[in-house]
């Protein structure tokens, strides 16, 4: 059995106005998460604005997190870059900083073949000490990880797990079945969606990496607890409550800004409103939410009983 | 009028077996290009495997190139990264190294809005000393630059030029027309396609950035000279010859490898066969061409009179 | 409450060698489905090769089905065409033939705006007598139906239900929630996926339209019965068995034929092997499965206890 | 040499308010086109709203056109439908009505393989009497025709020509080169873009099928004449004028309607303003242009000296 299980939120990264890491807020946010009972944290994932962070800021995030968490739960670190040699540099930093696992996407910017994606993971595994999670996020890298390749890499011990943010729930179900058929019980399968966590857990997922847990970690921990206790109806009620809460990510309309900044902006605004962080600023070139949008978010949080 | 005109090849980056920069080959390749009469060089573009190069290798490429070119032609440097703060770091390096212009894409990995893309260029311009070229390459970044935004940035002096690798020739034609209508004659418009250079020049482009010029720079310089001399028929004959030569990029079939490695692998193999560089190795995780594919490339080069 | 609930298979269409409808096989297949306890049938959906059928063959399919079913279960009829006026003609035929509901996609071939898609459904509703199901199938029509538009059309009584074949399970979950919040309990929500039927039913879907039910209708009826009896574990076991059975759709590799013909070819081959139809031929230009592929399908059916 | 050469506009279809064909306007529009010197007409192409026309309206369009043209120029007829058997029905109608050639796309709605697309054309050729043009329009059918397949079908006499509306000008150039290398001089290659007609003709295209010729046929005939007379500068000036005129297709913004109705609506509005047709109405569910948008179109026409 894998030691990676449960609710592992992909943490947002609090900034100061100059876009350096607000270390105090990061620590406070980690406390909020740990107090809520999360089973791990994932730093430098897409929700962290990893794509916006210069390398030295990325390092501050991992070091601060590892030091503050102090081994209470595992720390997964995203090593997000375009290709093998660049990712290898992030791996070195994450390993030096004391992370517990590495999270790696398919190559992007370049147009690759499935054989090259497989090569990418094998070469990185050969260099890394820590276990590797494959990060399936076609929205960002414009490639869906091939299921057969994933199972092959799992069988060969190249990857220790997967975070599936592809939104392809039928494929996710087939992956779980493939894992079972091939006896790969040590291979950890996580859903990256915040919207169907109860169902994913129910059909055998080891856990979830829900971005919305930045705003409401207790909700997701409660789903986890309900599913383990066999109370699927309670899990569903909680998931539906969180689905409604997810509406905050639509406060800013698509005519006005990208879906990335609308979503992350809403998370950070809500985290600020709930006192988890001091400053909801996002890294450039993302646009800020306006007053009307913030008011709508406040209303949704209030309805959800979170303010 | 812009000082950036003519044939400005996007240079491939020669490696040693350990994927460090083969500085000797890079210098030799620069000599080949300058001897052929190119009017500038573009380093750290997509053809350079910029997406595969760690930052310190990128720095070696710019420094070597600036030093070796010695001001004979302008050196454009790609500052290719996902978002504003990360690109800003590459700008600093390029400016310190003595490049003459910066080439910058739309953000990627993240999902942005046109207003955020515009913000990206404006913020970077505010920080940069050197002129900025927008790099329109939807194949890599999955966003096409909006024409109105480009013309607005040009009118405001934010960008000094554009390299259009979008393959949208009707849009390219409309961009040239828009430039003319708004009196932006100082704004440099380059095509990034190697396949319609004669036509692009004929309708008013300031130049071309053809990847295939790594293999046959004289061919492209000859198109430039013919068009300027008004001999469109000669330009077309040469372009057709180069279109046939471009077949080398299909030597490896899509079932076997990505279109990126098939194309760059062919360029590097041909550069090695012609003696421009010592080692055709590509950065991981790209797959190498096999013997049969290399033989096919050799045949095409021979037919083209290049061996 | 909607009268449309339960397992409503999208029937494949058996042909003779000249691609006319094999009416005897169609009747036999209907008997198989009704004997298995399905709660409705959907003819002229994507699985029926509706895109391949001339209008007069479409008419034979509806008329035969309506006559043979004889009111025992509802008959839904696809009115699949590019735009409003053309769809209107199919509606007239379906209504004359005695269908119970109409199934209609977004416009395709043309590039439409969400306001035009909404207009499409409103105009067709104004002309139709029968209830309309929206058919959300971006794989075929290259547009995903907007959730707000769907709920608006449901609230206004324009559409009586939806068949969601988009594969977006988080969106499906949000649609169910939206229906509940707006008190639209008469609006029927069906999943079009065969791979997550148990989960869809569990979270509130009214039913499923699973293509694989052409091969194993009892399996899907059993999932329906288990979920209604509250035995989610039994439902999951059955769904997992059917997920394994779905492997037949991959017997022919993507290098050899389109995913459409690989999937439909497998369904029809299995239907023939199980004695439901006489002739597994597919309409042109689809390629037939070869002997090796058929053998693999036979093996999977045997393992599944269906032969 | 092919008998199909020159400017062959894809005619818009004038409607009455009840969306039946306005036969008088269609005849008047044909007169406008023939008087302008076009070398053929293409009915039932995408610009004709073929996707919106019921079959009996399609028949009226062909019959009216063939009868009114009376053999003065060739009449090409689109046989636009999803798959082989359905296209075959349109072929029968077109042949009965006396068209001179058939224009056929790749299959759509269904997901096909290149081998199935090839099969599609071969089967239709086996049934047809008239020459077949392949219609490469990925924007509508979501498949780009494979160049090798096109050349193979040309070599085997399956297709007599191609209308390339893919916007891939480098691919168009390579197709012309492939035709030349394989000695297929009888294979007619047409560009379907209205924006680079001069360049397409200059590099060897046999003609153009420009939608904008509905509004200004003389302009395109003038480009044709200039290129044949070797006056490329005059051809370019005219093309640039028409590029500016093409702005009418952006009068309605993308926030308000689909790009299809914005473009066709502009063509039809301009045709009405110029007196070519009586009624600019478009088939449902397309939205009409509003007064402000019509005013903008009027302005552009006036500037272009067309009013």
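Letters A, B, C and D mark the chains as written, and numbering starts fresh at 1 in each.
Here is the rule we go by: a contact is a pair of C-beta atoms (placed from the backbone, for glycine too) under 8 Å apart; a residue touches a chain by one contact, two chains touch by 3 or more.
Keep in mind the model is a prediction, meaning the values are calculated, not measured.
Relative to chain D, which chain has the most distant C-alpha mean position?
With centres defined by C-alpha atoms, farthest from chain D sits A.
Just curious, how far off is chain D from chain C if you go by their C-alpha centres, in Å?
The computed centroid separation for chain C versus chain D comes out at 35 Å.
Distance from the CA centroid of chain B to that of chain C, rounded to the nearest Å?
Taking the mean C-alpha position of each chain, the two centres sit 49 Å apart.
Can you tell me which residues of chain D touch two or more of the remaining chains?
Touching at least two other chains: none.
Among the chains present, which pairs are found to touch?
Every touching chain pair, ordered by label, is A-B, A-C, B-D, C-D.
Can you list the residues on chain B that touch chain D in the complex?
Touch list, chain B to chain D: 167-170, 173-174, 177, 193, 195-196, 199, 202-203, 232, 236, 239-240, 243-244.
Okay, in this complex, where on chain B does chain A touch?
19, 46, 51-55, 57, 80, 82-86, 89, 107-113, 115-117, 119-120, 123, 139-142, 254, 256-261, 283-287
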